[in-house]
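Two complexes follow with chain A in common, the first pairing it with chain B and the second with chain C.
So, the complex of A and B:
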C-alpha cells in the first residue's frame, strides 16, 4: 500500500506568513485551529494536505471575545469552552451557549473553535442554526483586507463555504441591537449525551421579528423570519402559529440516514420549532 | 519524511520529541514515551479513553497533534498518582468499586480530575455532564459517579 506523503506542519506567528503559505500551497494548504475535525480527517485519509497551517499562534488573529455597543465579536481562535463561559455571550446569546454545549464533549469543546465548526460546514453543525437565527456575520481576512458576510451566506453546502483561496476567518460578529430578545435552541438526538443532531432548531424573538433557523434537515442550515408578529405573540391562535411553522418546515429537505428517516425528520422539524419558539417566547417575557 | 522537534512538559518533566506532522499526542505518549496509562480506543474523539490535561484542560489526546504542543504542559494519568501513592480520586474509584475491566478508568480519572479542579463540589448532573465524553463499556457509570462524589466530599477534609 502506498504511503501518503506526510504533510508539513507550519505554525506561523503572523497573518502575513499564513497568506504566504496559502499562496504557495494553494488548495493543498490546510489552515486549522482546534483540529478536532482535521485530525480525524487526516487519519481517515479524507484530508491529505501538503502543509498544515496551524493558526493558533498567529498573533494578529483575533484571540478572545470583544464587546462594544453594537457588536459582540468572537475571535477566530476562541474555543467553544471559552465561548460558553463568557458572561456577555451567556446573557445575550443563550441559544448559542446551548448549541455550543452540544458540540462533542467537554474534551472536544476545550479544543474546538466556533469558527472551525462553521468552516467545517457540516449540515449537522449545531452552532450554525444559532448563528443564523442571531444574524451573525463572519469576517474573512486575506492579503486584500477584510470582507464580511452573513454566516447564512457563508455556508454553501456540505463541506462547502464561501471562503476563497488565501482567506481565513478573522472572527464572527453577533449584533447587540435586536432589543430585548428571547431565544432558545432545541435539538433532537437518538440518545442523551454526545451525538450528532437528527434535527436542530434555534428560535430568536427580537424587535425585528421572529427568526427560526434549522440545522441537519437540508444541505445547509437556513433561517426564516416572521415579521408579521404571529410567532412572537404569546396569545396568537395556535392554529395560525402551526400553519406558519408548517410553511417554514416545507423549506427543509431532509435525507434518510442512520439517525432518522426523511419522513420522521420532516415531522420533527415542526415539533422542534414549536418547542424552541415556546421557550424563546417564555424567556422573552420572563420578568 | 519531515520530522519536527517539539519541546514540552509532561508530568512536570521537560521532554524533546521528534514527531511527524500527523502524529497524535496519544501515539507519542504511548509509543515514544512509554506512558501507556493513556488508552487508545476509538482514536476519533468519541470515547474519552485517551483523556489527558493540556495546560490544565481535559482534551482527547487522539485529537491533538504532537506538533501543536511546542511549549505546552501535559499531565497524564501517570502524573496524577502512582501505584504506591494513589490520588484521593483514584482511591475513591477503588473504594466505590468503580473499576471493572479498567480500560476507561484513566480517562475517567483525568476528566473527573479536571472537573474537581474547576468545581470542587459539583452536583450529580454536572458530574454526569462533564463525564459524558467518557464511555465505559462495562457500564459502571453509577459507581463512577459515586466515586467522584466521594472524592468531592473529601475535598475539604
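So, the complex of A and C:
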C-alpha cells in the first residue's frame, strides 16, 4: 500500500489563480472538484501530484444548471446529486438521471461532479454513454478563452482526455433542440448496490435517428447512430433490428477482467442495447 | 420482580454506545509513548528472501527499528492452535501473498508506512501452489519445510488425511449420483480492522487485541516469551465483528517482542487489504458418489473431500475434521466412506469462519440431494423428509443422537415459501438444511458478585463480538438473581480480571458460559439460604430461594433486603462461582461429543433473468432450531445476519489468485460483499423453540446456522427456474449465464 503522498493543497477562488497554478506546476498540478476518484488514485499511488488544485471554491465556475431555449448547461462544479434533482434534467434527459444515479453511493454523488466523472475518463464511467447519446458538448476554459467539443471527442481513452495544459472544464452542454423523444440507460453489475459497470448502454431516440452509446466495453465510450429508422420503428423486422444491434456490438472490444469475461460482456452488449432501446421506444410513446 | 427476563427481547447491552460511536474499540486505544508498526510484504506468494535492505528506512528521523528475522530469537519461535508452524516473522521465504518479512517501527503511523516503502527486499520469486490440483500434484513445490514436519506426509502438501465411515459395503443402489462441488475461499470482512497493541509491563507484558479467545492468546504469549500466565495480561475489548477471523494469535507475538525489545508500547493496525491476507475461509472441493434407492432414501455415501488450507495450519485441520464429520448431514445413511485431506497451499492461512466448514460440506451434500431428487422425480422437500433423522435417532453411527425435531423446522421453511403452489415461469424455489456439530470439549468459568443493593457484576471470559453475549449473560444473571438487566454489569475481556474461558466460538457461549453464569447464581442462592438461616436463626430447610426472592417461613425478602440485614455495619457481597466443562473423550473422533447440533433450514424463491444471468431473491426464509431463545430479537438478528453473510459466498464473494499467487481482488473495490440493495426482497427468520437444548432454560447455541444452507437453497431455486445447475460458487450472473448457455438446446439457437 502506498502511503498518502503529501502534495500541497491550493484552493483558488478565481479562475485566474487556477491558471497561474496550472502554468506554474504543469503536469504535476492536479485540478479536481469532488475528489472522489482523485482520493482513490492518491491512495493507490496512481496519482502523485505536487499540488492539488481544488476547484470547488472558484467563483467563476458554476455549481448549478442553467437552461435556455437551446441548451441546458451543467456547470463544472455541479454535483451528481444536484444534477439528478433538477426538474429540467429529469424531464429532458431521464437516461442521464438513471446513469448518474448509479455512480457510487449517495455520499459519493453528494460530492462527485458530472464534469469530474468525464475527466476521470474511465472506460466504465457511468454518465459517459448518456452524454454521448444525447450529443453533449463539453466547454473547456483556459487563459486563451473557451473551446467546445463533443464529449465523444473529449474522452480519448482510459484516463486520457483532450484537456490541454492550463485548461479546466467550464461546463457540459446538453442540446434541447435535438427533439429527444425517448431515452433509457441500462447497465449490468456484479451486485446491485455500489458497483462499477460490467457493461453500460444508453439509447436515445430523437429527430435525427437512434443513438446507442456503450460503456465499459471498449477503451473509451462510443456512440453509434441508426439514421435509417430501423431501430426506432417498433414494427421493424425483429431480425433486421437484431442484425443492426449485433453490427453495433461488433464495435465493442471488451476485455476480460474481475468484473466479467470478454465473452460475457460481448453477449451482454447486445442484450443491454436491446433493453435500453426497448425502454427508450416505450417512453417515446408516453405523453 | 419481572420473572420473564429470559425469553424477553431486552435491549442490547452496549448497543447504544456502538450506534452513537461512543464505544471504544481496540483501534481507538492509545498508549502513552506508543510507537507504530507497519509490516513489509511482497507482491507475490512464494519467494526466497535474498536480502532486506533497510538502511534508508532506518536512517529516517523518527524510525526506531526495522525488525527482520535477524532481530528475533533463533531458531525462530513458532506458534499455532494445532501445529506450531507459524513463525513470529518469516525466515528466509515468504509462503503467501503479503506474508511480512520485516516490521518497521516509527513515531507515527504515516512515518511507519512511508519507511516501509523504503525497505527494499531482494527476492527470488518461486512457483506457488494455490489450487487443490496443484497441492495434490507431487511435482509441486512444498509449502512447508519437510524438516519441520513428521510422518509419511512430510514430503507432500497434504497436512493431514483421514478415512472413516460405517456400514457394510454398498449394496444395490438404484441411482448413483457422482458429482463434484467447489466452495471458494472467502474472507471474513469484519468492519473492525485487526488491531494489536503491546506494552512492556514490569516483569511481564500487556497486549490489547480484539480477540475471540483471550485466554488462548495469553497461553501463546506466555509460551513464546517464557513468562508465567499471571504475567501476561491480555485485554480483549469487544471486537467489532469477528466471525471466526479473530480467534487465534496473529501478530500479537511480534508486537509483544518488539515492545519488550524497544521498551515502548507499540501498535499495529492492519488495513482491509492486509486483513484479506491474514485470514480467510477454508476452500473445499468435494466429490460425492451417492447411492439412492428408488424412494429417495440414501443407500450409501462415498465422499472425497479436499480442503485447501493456507501456508500455515492455523485451526484449519480442526475445521476440516469437524465439518466432514457430518458429511452425511442430518440424514440416515446406512453405509458411508469418507476420505478427507487437508492441503497446504501458498495462500493466506485458512481459519475458523462462521459455520466452521459446515457451509462448504452442506453445499455439496444438499446440492447432491437435489440432483438425486431431479433424477428420481421426487420432490426436493420430500427426499429430505424421507432421509432426515427423527428425534433421538442415532443417525451418525456411534455419535450423539438427533437432539431436535428437525422435520418441524424444515417443513416450516417450505411452508413459508408456499412450497407446493405453482410458480410463474422464470421463478424457482429451493429448500435446504444444514447441521453443525457444536462445541465439544472445553471449560467456561464464571464469577457472579451479588452486591449489597441487589445489583450484580458478572465476570466472564467470553468475547462479545456482536453476537450479544453480554446481553444474554446479563439476562441469565438478572433472571436468577431477580434483578433488572440494567442493574447487572458484565465484565469481559481482561485475563487479569475474569476467570478462564476456553474460547468464544462454535455458538458455545450461551450454552457453556450461560450455564456457568447460571451455576454461579445458584451458588449464590445456596449461600443466601445459609445466610438467611444464620441471620434469622432458622434451619436451612426452612429457607428457600425462588423467583429472585428469599422465602422465609413467615415472609418473603428480596436479596437486597436480606443482604442489608446480614451485612449491617460490616458490608460485604456474595460471590458465586460456576463452571461448565465438556470433558475430553479420547475415543470420540472429535475429542468429545458435541454439546448440541446447530440445525438450520433455508427456503427461498428466486427469479432469474435468463438473458443476463442476474437473479433476484424474492423471499428468503431461515428457520433456526434454537431450543430456547433467551433474547428472541438477538437470535433473529444473528440468524438474519448469518443468512445475509451466506448470500455473500452464494452470489458474489470469492478470493481470486493470479499466477504469482497474489490476491487479484484485494480490497473492497473488487471483492464484493452484499449491500442492502442485494438483500432478498423479503427476508425472515423463524425460531423453533422446543426447549430441548443442553444450555440454560433449554437453549442451544445459535447464530451460525442461518448461513449453512443458503447456497444450496438458492442454487436449487435457480435450477428449478432455469434448468441450469451450477456446482461452483459463487452464483455470479456470468456463471449462471454460462450454465444457461450450456443447457440451451443448440437447435433452439
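Convention: the second predicted complex is superposed on the first by the 281 of 287 C-alpha atoms of A that agree within 3 Å, B and C clash if a C-alpha of one lies under 4 Å from a C-alpha of the other, contacts with A are read in each partner's own complex, and residues count from 1 in each chain.
Following the convention adopted for this analysis, a contact is a pair of C-beta atoms (placed from the backbone, for glycine too) under 8 Å apart; a residue touches a chain by one contact, two chains touch by 3 or more.
This one's a predicted model, so the numbers in the text were calculated from it and none came from an experiment.
**Student:** Quick one: is A:267 in contact with chain B, with chain C, with both, or with neither? Answer first, second, both or neither.
**Tutor:** Touch status of A:267: second partner only.
**Student:** Now for A:190: first (chain B), second (chain C), both, or neither, which partner does it touch?
**Tutor:** Once the two structures are laid over each other on A, A:190 reaches chain C alone.
**Student:** Now for A:81: first (chain B), second (chain C), both, or neither, which partner does it touch?
**Tutor:** first
**Student:** On chain A, which partner's contacts cover more residues, chain B's or chain C's?
**Tutor:** Counted on chain A, the partner with more touching residues turns out to be B.
**Student:** On the A-aligned overlay, A:258 touches which partner chain: chain B = first, chain C = second, or both, or neither?
**Tutor:** Only chain C; A:258 stays clear of chain B.
**Student:** One more residue to check, A:39. First (chain B), second (chain C), both or neither?
**Tutor:** Only chain B; A:39 stays clear of chain C.
**Student:** Looking at A:174, would you say it contacts chain B, chain C, both, or neither? Reply first, second, both or neither.
**Tutor:** Neither partner.
**Student:** Applying the touch criterion given at the start, work out whether A:11 contacts chain B, chain C, both or neither, answering first, second, both or neither.
**Tutor:** The answer is first: A:11 touches chain B but not chain C.
**Student:** Report, in rising order, the residues of chain A that make contact with chain B in one complex and with chain C in the other.
**Tutor:** 192-194
**Student:** Can you list the chain A residues touching chain B in their complex?
**Tutor:** 6-9, 11, 35-36, 39-40, 42-43, 52, 54, 56, 81, 104-108, 110-111, 192-194
**Student:** Considering the complex alone, what residue numbers of chain A touch chain C?
**Tutor:** Within the complex, chain A contacts chain C at residues 1-4, 188, 190-196, 258, 260-261, 264, 267-268, 271.
**Student:** Note which residues of chain B are touching chain A in the complex, please.
**Tutor:** Those residues of chain B that touch chain A are 1-2, 4, 20-22, 24, 43-46, 48, 51, 54, 57-60, 62-65, 67-68, 70, 111, 114, 129-130, 132-134.
**Student:** In the complex formed with chain A, which residues of chain C make contact?
**Tutor:** Where chain C meets chain A, its residues are 110, 113-114, 116-117, 271, 273-274, 611-612, 614, 651-652, 656, 664-665, 669-670, 672, 674-678, 732-734, 737-738.
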